[in-house]
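A, B, C and D label the chains in the order they appear, each numbered from 1.
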Amino acid sequence: MMSRKQSGFPSDESFSSDEKRGDAMVATPSEVMTVVAARMLQERTVCFVGIGIPSKAANLARLTHAPQAVLIYESGTIGTRPSVLPLSIGDGELALTADTVVSTSEIFSYWLQGGRVELGFLGAAQVDRYANLNSTVIGNYQSPKVRLPGAGGAPEIAAQAKETLIIINHDRRKLVEKVDFITSAGYLDGGDSRERAGLKTGGPTAVITDLCVLRPEFQTRELVVTQLHPGVTRQTVAEATGWDVRFAEDLTQTQVPSDLELSTLRELERQTALAHSNDAAGKTSLTRNNPTAEVTRP
Amino acid sequence: MMSRKQSGFPSDESFSSDEKRGDAMVATPSEVMTVVAARMLQERTVCFVGIGIPSKAANLARLTHAPQAVLIYESGTIGTRPSVLPLSIGDGELALTADTVVSTSEIFSYWLQGGRVELGFLGAAQVDRYANLNSTVIGNYQSPKVRLPGAGGAPEIAAQAKETLIIINHDRRKLVEKVDFITSAGYLDGGDSRERAGLKTGGPTAVITDLCVLRPEFQTRELVVTQLHPGVTRQTVAEATGWDVRFAEDLTQTQVPSDLELSTLRELERQTALAHSNDAAGKTSLTRNNPTAEVTRP
Amino acid sequence: MSNLLTLSDAIRTHLHQGDCVALEGFTHLIPFAAGHEIIRQEKRDLTLVRMTPDVIFDQMIGMGCAKRLVFSWGGNPGVGSLHRLRDAVEKHFPHPIEIDERSHAAMTVSYTAAAAGLPFGVMRGFLGSDLAQYNPNIKFIDCPFTGERLAAVPAIRPDVAIIHAQRADRAGNVHLWGIVGVQKEIALAARKVIVTVEEIVDDLDAPANACVLPAWVVTAVCHVPGGAAPSYAHGYYDRDNSFYQAWDEVSRDRENFQRWMRENVMDTVPVKGGA
Amino acid sequence: MSNLLTLSDAIRTHLHQGDCVALEGFTHLIPFAAGHEIIRQEKRDLTLVRMTPDVIFDQMIGMGCAKRLVFSWGGNPGVGSLHRLRDAVEKHFPHPIEIDERSHAAMTVSYTAAAAGLPFGVMRGFLGSDLAQYNPNIKFIDCPFTGERLAAVPAIRPDVAIIHAQRADRAGNVHLWGIVGVQKEIALAARKVIVTVEEIVDDLDAPANACVLPAWVVTAVCHVPGGAAPSYAHGYYDRDNSFYQAWDEVSRDRENFQRWMRENVMDTVPVKGGA
């Protein structure tokens, strides 16, 4: 397989420039991961989106097969249709292209906890064999080896979205037997322990990495590899996984990203890079004018 | 004293036309009641206002000695400055002249329960000797003799405004020994029973009628007459009160409404009648145009 | 899409006999036309939910739609009693109705709890009030941090919420403004939402942070100009205060009321509009 | 009136050593200028409250203002770590800080509870999460109607809340728009509120139902154009993404950070403005 940057904590969602470019119409592992995640977002789905690859995947879906997907960002933007990817969760672009912009407290109460979100995309520093997520600390909570950014909106997305998808680079330090800290509940100790803890929603239905897709096995709820990306072997996956990972009997092969998927993704990234370099040069795309007309145009 | 309409339940806050007119610069009992209530609203006070005489008194205060009083109506208008009196609690006039218009749920949570209201004006069908209010039923709750409109915002205004003023026409059926139903807590059974019930605010500091002003006595919290309106005798008050009402040792006389107070009140009522007769004729004062500019002009 | 329907189809399709239905609008934007359509379609055994029942519920109760009433202030604003409501409660005409009576604040807490997907909401209230004695839906809990005694009320999650708004776009996104009351809360609290609107526009062009309901949370949008009269629609028409005053006389007498309803509601053609 | 003050006077008068202070703004409208003034005035032993500490708290923590941090996501958005925050937590430099860590949703519930005058708020959350084990401010209660187990978090009522907004009028009424985050909630949750604004105008002319804070709930309004940079002010200037990226390098090294703060914050003249 192609070279894959083994990025450290916690800036694991940034891309090296060679990954960004790739060869024309030959997808990098990161691109495959993004495309596979995008494919799982069905048309008209109401999706709670985090920054980084989740945002990239959700917008790729919107620009290809799911033009009417409803994207919600925790900053308060509902039905947003950014033309470039936001660098932060509260970029002005998100507000400018949204159906409506509400307070952050309303997003979490009426929209997420209210049960209106069908799909949540989550990233994390670690995911374990029962799909629990850690974005809090590596090591001990009281005296951490690495202090990670923390929970953000993740615990409630994991608990309240009808289903969640997890996107993470495949690496033994990241796909671990047991997370150091459960920030966001997956299937806890497996079996029916999620239900027994009082969680009412479905939980994670897939972990999408740059090597493969893992899904919770029926009953045990242990993550097993169900789908290998092009050119990836079982051995590569096994070596990059922190537990003795199993493979589904009906293991499938990821369909190679189409030219449309790849070109759309790359154009989105190109426009994003361009827009953000404009920012850096001090140019202002959010022009100042009458506040009454400037935001919330559908 | 002058003729006073003994109005029945529950439209007790409407006025007969002769009361409205009155003799030039000689106040009717109702006018005296309104003027006395208005005087109790100090400049800059944040006041939660109900419809009827409370609204009339609060706006009279704003148009005379308290131009910067902040009037809040439960419909969601904050800092409203109506040029005519609203007929309903949610008149467009209230929105058009407000500093901001928020949801009704926000009014009750952030603004009233949040402790931002200094003074609440309340009316009721009955008030008792410990200033408890009934606006729910006359008779038994389960099979009422008269079904009154009910609580509305009153229980929380009575519990959460730092202090409340009660405005009510003086009548044995209205000022009673014990209310048939405690809709809104005054001093309950007197003494420290209000505090013992967990209520943290001051409670009613005055009951203003068309005959006199009653205030809770120190310690017992029983309402005693502290101030008689012009021309009203102790006997008149005693006969019109449903319990053996006591008079304060330092009983005072209500200052006659000034020409300014009376003329301002009458002009406000004249403008109100004019505006509402325009409504009736189908004329539209709320013109239709761009929603972005039409509401919330300070 | 779309969610655009005629009012008649929307009520027929989405509101069933025995449903719990909330019609909200705080003085402003009261969905009168929808209430009249419910009366015409003879929906029965409804649990009617509204902070201020107003004339619309007086009419629905008087015409026999209500089994139960959840409310907080049941008067004719600025006028006096709601005579049909009183007749039902005091004299059981046209039949007895159950009463679930709260305060305004409690109603808003119940709505916001439901909109937020919670089974109950907390408020500081009802201490010393007799309401809690008669209503098992008002309970008390202790704050787990301070020990303070607070009131708890259950979420209100109607089967159907009906509101009136100024505008929707062709995709079914809804925009209301002015006194917005609890319309957003009740819309998000209910299982289904029907919105009647004054106008369908190409582009909502709503200002920043306006009160907008995205199309995907709205079950049906019905184009019903004048659908809030005799209440008002800010920017479109005023409240008909004279109607509210006249209603006192109309509604005082049972036969007079029934005649008025026959002539002005039952025998009228349902409002057209919609897709 | 008025409540118009210079930023320097507002911080000097209203923020005291040892106070609990919240600086809110969700990516948008982060009150950087006010944070810098707090650093310049060497306020110490502060409890710093913010959902997303962001670069502003990284700077305040690195300069020794913080005794305690209440937060829910402490990264450099779109970039990576906050190195000064990590250095304080991991290596206790410049001194140890206490951590009260929650989730975004829990922070918003704590703010809205405080704004609503309640001692706590209820949410469905933290089931199965280790956060509740380490934070005594997360408890569980049972719904008195359904028995469901729900999380409870205490109200957060800061001594001072500081926010940045686009505009105020001369009377001190404040208007913000776009991504309004939790600014209204934190403003109403706190005992005192300082608002820095881009512009003072004669007439707010705010649209219907806009996010407006009336002057009488605002302790001080300070005219500080650019007061949110390097975050952004919708309608005025963009987020300086390159600054956020460059901050990673600046903040990684203690001496480098201190030099940068000296040159860019400490030795600069406080922003003028105000009455």
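In this section, a residue touches a chain if its C-beta (ideal position, glycine included) is under 8 Å from a C-beta of that chain, and two chains touch if they have at least 3 such contacts.
In this text, all values refer to a predicted model and were calculated from it rather than measured experimentally.
Q: Just to be sure I understand the contacts, which chains border both subunit B and subunit A?
A: C, D
Q: Return the chain whose centre of C-alpha atoms lies at maximal distance from the corresponding centre of subunit B.
A: In terms of C-alpha centroids, the chain at the greatest distance from subunit B is A.
Q: Report, in whole Å, the distance between the mean C-alpha point of subunit A and the mean C-alpha point of subunit C.
A: Result: the chain centres lie 40 Å from each other.
Q: Whole-Å distance, subunit B centre to subunit C centre, using C-alpha means?
A: 27
Q: Multi-chain contacts in subunit D: which residues touch at least two other chains?
A: 112, 117-118, 123-124, 148, 177-178, 180, 205-210
Q: Quick check: what residues of subunit B touch more than one other chain, meaning two or more?
A: 95, 101, 109, 113, 160, 291-295 - these are the residues of subunit B that touch more than one other chain.
Q: If we count contacts the way the header does, which residues on subunit A are in touch with subunit C in the complex?
A: 44, 46, 70, 78-79, 95, 99-102, 109-110, 113-116, 160, 291-298
Q: Going by the contact rule at the top, pick out the subunit C residues touching subunit B in the complex.
A: Listed in rising order, the residues of subunit C that touch subunit B are 26-28, 51-52, 71-75, 77-82, 85-86, 89-90, 101-105, 108-109, 111-112, 123-131, 134, 148-149, 166-167, 175, 177-182, 184-185, 205-207, 210-211, 232, 234-242, 244.
Q: In their complex, what parts of subunit C are in touch with subunit D?
A: Of all residues in subunit C, those touching subunit D are 117-124, 137, 139, 141, 143-146, 148, 150, 152, 154, 177-178, 180, 207-211, 234.
Q: Which residues of subunit C touch subunit A in the complex?
A: 112, 115-118, 169, 171, 173, 184-185, 188, 203-210, 212, 214, 216-217
Q: In the complex formed with subunit D, which residues of subunit A make contact?
A: Subunit A residues touching subunit D: 9-11, 14, 51-52, 74-77, 86-92, 94-95, 101, 103-105, 108-109, 112-113, 132, 136, 141-156, 159-160, 181-185, 188, 194, 197-199, 276, 279-280, 282-289, 291-292, 294-295.
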